[in-house]
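Next up, some structures in structure tokens.
Presented sequentially are two complexes of chain A, the first with chain B as partner and the second with chain C.
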Partner chain A sequence: MNRRKENEIKGIFGLVVLVFLIFLLIPLARLFLKSFMGDTGLMLGHYAEVLTGRGFLEAFGNSLLISSVSAVVTTVLAFILAYAVHYCNLPGGYKGFINRAAVAPMLLPTITYGFAIIYSFGKQGLITQLFGTQLFDIYGFNGLLLGYVIYTLPVSFLLLSNTMSYVDKKFSIVSRIMGDSPFATFVGTVLRPLLGTLAASFVQCFFLCFTDYGIPASVGGEFEVVATVLYNEMLGSVPNFSRGACVAMMMLIPSVVTIALLHYLEKYNIRYNKISQIEIRKGAVRDAVFGVLSALILLCVLSVFAVIFVVPFVDEWPYRIRFTLEHVISVFSDNSLITVCRNSLIAAFLTAAVGSLTTYGAALTTARSHLPGKVKQVIENISLITNTIPGMVIGIAYMLVFSGTPLQNTLFIIIICNVIHYFSTPYLMMKSSLTKMNASWETTAMLMGDTWLKTIVRVVTPNAMGTILEVFSYYFVNAMVTVSAVIFIAGARTMVITTKIKELQYYTKFNEVFVLSLLILAVNLAAKSLFHYIATDRQKVKVKKTARRPVVSKSIS
Partner chain B sequence: MLEIKNLKKSYDGVTILHDINLAIDDGEIVSILGPSGCGKTTLLNLVLGLADADEGEILFQGENVLNVPMEQRGFNIVFQDYALFPNLNVYKNITYGLRNNPSISTRQEVEDLIDLLGLREHLDKKIEQLSGGQKQRVALARTMVMKPKILLLDEPLSALDGVIKESIKAKIKQIARDYHLTTIIVTHDPEEALTLSDKVLIIQNGTISQYGKPDDIIQKPENDFVKEFILNQLLIKKNNIFTLFRQGNEPKIAAQVG
Partner chain C sequence: MKNVKRHMSLLLAAAMLSAAVLTGCGSGSGAASGEVVIYTNADDEAMEAMKHALDANGYEGKYLMQSFGTSELGGKLLAEGTNIEADLVTMSSFYLDSAQEENSMFKDLEFDAPTIDEYPSFYTPITAQEGAIFVNTEMMAENNLPMPACLKDLTNPVYEGQISVTDIQSSSTAWLLMQALVSTYGEDGAEEVLAGIYKNAGPHIESSGSAPLKKVRAGEVAIGFGLRHQAVADKADGLPIDYIDPTEGNFSLTESVAVVDKGDKSNPLAMEMAECIIKNGREELQQTYPLAIYEGETNDSENLSAYPMVFPEPLTVELLEKHQQISENAKVLAEEL
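Moving on to the complex of A and B:
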């Protein structure tokens, strides 16, 4: 063989597969077995017990119902926001605001949403006080709906906005020239190309709602959902791991179905290569309607969060409303809370570092090697599996496998858990970026004496730096806000901010909850702007140099 | 001298190339000409060492190099899309190979190449700021710094238009002459092949249709493929041009290349 043997890439592939074998497949297999394991070997007893037991089927039904309703509501709202951005003549600044405000909830943990809802719409809530009366009962269906909608709005908006930017707007010109009515034009050139994405948005939101633990933990009330049942089986007053494992397996079923649906729907996604920029048709009424609707939606979302900027800074909500920094100071003088913050920062930073390396390595094997298709498919399947597994299921699987090992109660296990839980999206970002790069770089560089590793360091990595930073930022923010998986594996010494919030809820220390939430928000905002700055700073250098380019370039002579 | 004997290559049981026999003298420019999918790029990859042959021999200066790994063969290639490194400026692209092998070209030799290819004023530029012709010249310079024993060019002109194409053609000829460098060019354009090279290798359906000097191919086409697809195309072009430049309709300028 003259061809390069690609030993380095085989090594990377081996490492990646090994990590996922130990930290994904084995724990899942263990969970699967556990759900069948009885006193007398394998049996279906636990399933029978769970399915016929009081509450589970009801919770399952509740989960299906609330997740479906939330997904529909979110998708409609996100459509309105995205439509306002892409199809209306609104001021650029306002569009920028919509773009940023719509994704803002991503920077906070879901468990905070619930408390924000309580403090906004509860009996003594900020918004209740403004209106003079409680608008609706927050515990149960309504509170969950509100929380889920806020939680899934960013994802749905990003999906729809992305597709809308690629939908060829010239079709609407053609449609109008052909004499279609405005409604027919709307259906034919906006709604139809978006059908796949709308369905994907519904499915994705459904999945997120179905598997989230943070929101029902705070506002679920008597309205039991699968996530709360699962938590109570594992960490409740009478834990039963086998039954918990069953519930986890049951949670997996809708997850697998939704992800399978998402893959199926991908076929219906229209892919255009370039974004066509055309002038949007004048329509004052349309602009006004969508401008105002967007403002209302975002006002509702942001008003829920207003409370976290208020409550921690007053004496005692809602009885003594006087500005004070007492709560903030007390949080920062509490040594245990400082440890928690330090844990969170370390975990988020290392998750980002390890996650970027892992996804980069995995993407190199699929995008820039000549390994056989079957080998590459292994990585693709890993990505698919991580996309399917809810965080709670990973957390429980880890709890079963790593309890009693030296890995129990370490930051290491939290970091690995995050890296694996959030693997799919950054891997796909990385792969897409590496695939777009020139396929001949490695050969060319090798002909100039490079080893493979040298080419990766000198050429591929510098050109992938923008995406690597994005991936780093994605992992960092998600590691800061994640609740569902870490709640099962964070120990007393390795408590992170989100799990501490859960604990503080138990002691009804809501001031601390909000101070910590604000801290997460501040860290995430700082991190995002830092990565954004680094990424655009690199671009600016390019732009400046382009600007210096002489207008007329001399031909060779 | 590069000799190819009984070369055969197949992928997944489908024969791409078979019965390839030819010899190329030192310093010659040879074009491999054929329609897309005929196997010409595969032949280039076999010479380069990027792909392995099933059977046959590739002899360079009398030695079989078929089992010599690509990077040790000492041949070099400029890919169709140039494969320049966008994170490095023009100068760093040109001198990329020197970092691994500082003694391969002297400073003076590098400077000469920069001047020969007219790149002096572009050295600090980013790759994305260059035009297609400039990129091609940078890629050529970067490869020439490595002092290849054979220079391989994959469709070097197909992304370029008009006068730029002619000027790059002139540069390729000049390099082959000045450096006495054996140059093998893959192209699908008969005009390019016949006006650029000392010899043309016409490939069809994975084997040699005709191999000879441009004059021989024009005067003595050996088969219908050469006649119908190669010469016919050129005749149509020629007639079109003649119609444009018919008596009394000649432009009042003289042709300039480069």
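Moving on to the complex of A and C:
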């Protein structure tokens, strides 16, 4: 197998691992060490206290349950949406709508989710008023499920849709011609190639729910979850980092199981020599079913957010419903707004750039190199850990390690933190796309005299452009909406829009919170269209080049 | 066209990068500029009052005030110690006590401000914030609920599902409720009353101090317990909100100002500004937080609560932990009710 030395890949691997060592492993180790530190040196006393604390094990069990259920529901819903886009004959405009609407919740800060649910389905909620009665009790399991599904749907959809676009649909036809039943065809040519991604989607959604604090704080009710315990220990009225670190350590346990699971599913990943653009088989019933199902799913999701377009423009929801621009004016007359907006934009843009490079580099080493499996596993595990650590924990760990260094209170540290915190999903997307491409391109190119770098730039990158764009965009919007870690590492001069939102929430100025959330939404929409506009043009150019690619010659350079 | 786009994307990238460099992406440019950085957990009324005091006394443009939630600022104080960016901090007093004990991070104050009660040498109060019951008048009428007069009334089963309170595990706002219960009914009695309140609150035992008011405003519940001045402001604003001073007493927690000890790097202006806030800001602060703290101040504001009370013991972290335990026991008791 060792056809080349792959020094470039080794270099990239080293860099990626170094970044994660400094900005993930060392801070976490520093924090976790605290969980073992007592008054008399090393001890396990904190663990005993935490484990026997009232309701800890129940909260842990509750978290496992609600996160698993939410992850399954989300993955099924996202599969329906992605299937409608990639395997059904629906009008192009409608597919475009699904593509955009499915990721819409991601463009808003999660702070708004809890409000949106209460203002929609609560006693005086918009939807409650439309139906004349409260549809279901929003506190506890139901509310959490609704919140989590909305929260994780974009991630699941992105993962599934991304992989589906690299699955060769021609195999479905071959399967049908060979006389397989429709079900066998579906299992063999759709489900099986997606198995790894379906599992990845489940895992991603599970941990997003497992570690989220905002949604249970709003609608958790009496259904206690472990993220709330973590918050109370870390940042409650008597903050205790040692006990908080214990809880965070416990929260790592599920990831051990998932590392094994993902490793097992690895073998289901499939490569294609090329992806044929074929016409999707006619199937009026299928199209109708998936078209309508998708519409229903998206209607439910979007209806929850309808209220946030209303609240900022009325005097005081729900008791003084009269149009006013007072809240909007109040937000925009704050002269610190320009600074935080500028900081947010810079942080988001650089997060997107650095993040795309990092994930691309990491994915190249795992998907397109012949490094030993154990080495690749390092990156896989890093990716999973980033997803398992609640933002609050990263923020506190960063304070412990980087306070007093020149990095403290800089935009740089915010950018690095975002890149690491959100690494997991984009990495999986990137890996998925690179894995599905023909494995022999680099070898062919090398035989024809091209350097590895040239092959990556001229062949692999153009073919992965769609995914790179998605990843760039994913990092950008997440950097715009994140707050859990940033609130601790932003300084007075490096505050961003979401920390401003946190402030307004603290002042109980909830209407202004919604105004800023809409502002973020607008920025994210604008940014996404801009990236799309730039990239579509790029892609056309590259596709032309790639088409010529088999004739690899030095003369082109 | 193609070129236009390519240029645009390059331009965008260049603009962003240069902006990042220009805004000091890689350096904490603050120290050089000499601005005093103030971290505060104060509400916006208190922040405005402090800014007015500073601006009117020649400090305009010489400071940068940044607000945080109590939890976040508490976390920062503990984790960052004297490395914290702030030169001056205003924060709930008992958090300052913990931070001082953990990190020895504050200087003794270098000015005199004679308080009515005694406080440690490294901080002095800016406000005393009181607790009160508040109601959504429309929800009260809609559900034919009787107006409560005291905290014990909240255990009445008619209020089931209509009460929102804060959990003392996560937010110190709940301590105001706890102090009232413990001082009136003793520790065992407090546990019992609290269990009754928790039973009625059901899913509305909140982790955030501002959540009860949020739910009362949204019409999710009819009654809440929280910071009195916030309900006063809502009522004045014309919302269907009213507040009730419970007969058990309006207990209070102080927020104080402290100066971070940065050794040689300490900004001398920080101490001056702390003094300025106390000497010149109290008058405006008292309009929102009426309790007298300093000698010579009077309790004559129209916003004064009906039953201002002070807890007989010092408000230490140990006491808070004891009260947390009472609350945890009450939760268990509530499930058996």
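Please note the rule applied: the second predicted complex is superposed on the first by the 332 of 557 C-alpha atoms of A that agree within 3 Å, B and C clash if a C-alpha of one lies under 4 Å from a C-alpha of the other, contacts with A are read in each partner's own complex, and residues count from 1 in each chain.
Heads up, the rule we're going with is that a residue touches a chain if its C-beta (ideal position, glycine included) is under 8 Å from a C-beta of that chain, and two chains touch if they have at least 3 such contacts.
Everything numeric in this text was worked out from a predicted model, so none of it was measured.
In the superposition on chain A, no contact is made by A:168 with either chain B or chain C. When the two complexes are overlaid on their common chain A, residue A:222 makes contact with chain C while staying clear of chain B.
Counting the residues of chain A touched by each of chain B and chain C gives the higher count for C.
Residue contacts after overlaying the shared chain place A:507 against chain C, while chain B stays out of touching range. When the shared chain is aligned, chain C comes close enough to touch A:241, but chain B does not.
Touch criterion met: A:493 reaches chain C, while chain B stays clear of it. Once chain A of one complex is fitted onto chain A of the other, the partner contacts of A:399 are limited to chain C, with no touch recorded for chain B.
In the overlay built on the shared chain, the residue A:231 is in contact with chain C alone; chain B does not reach it. Those residues of chain B whose C-beta lies close enough to touch chain A in the complex are 49-52, 66-71, 76-77, 79, 81, 83-88, 96-97, 100-101, 117-118, 121-122, 125-126, 128-129, 131, 133-134, 137, 142-143, 146, 163-164, 167, 171, 258.
If you check the complex, the residues on chain A that touch chain C are 54, 118-119, 122-124, 139-140, 217, 220-222, 228, 231-232, 234-239, 241, 316-320, 342-343, 345-346, 349-350, 353, 396, 399-400, 403-404, 406, 408-412, 487-488, 491-493, 495, 502-503, 505-510, 530, 533-534, 537-538, 541. Listing the residues of chain C that touch chain A in their complex gives 1-2, 5-6, 8-9, 12-13, 16-17, 19-20, 23-30, 37, 39, 41, 43-44, 64-69, 71-72, 74-76, 78-81, 83-86, 98, 138, 167-172, 174-175, 202-208, 210-211, 213-215, 217-220, 230, 238-240, 317, 320-321, 324, 328, 331-332.
By the touch criterion stated above, chain A contacts chain B in their complex at residues 1-4, 438, 440-441, 443-450, 454, 458-459, 462-463, 542, 545-546, 549, 553-557.
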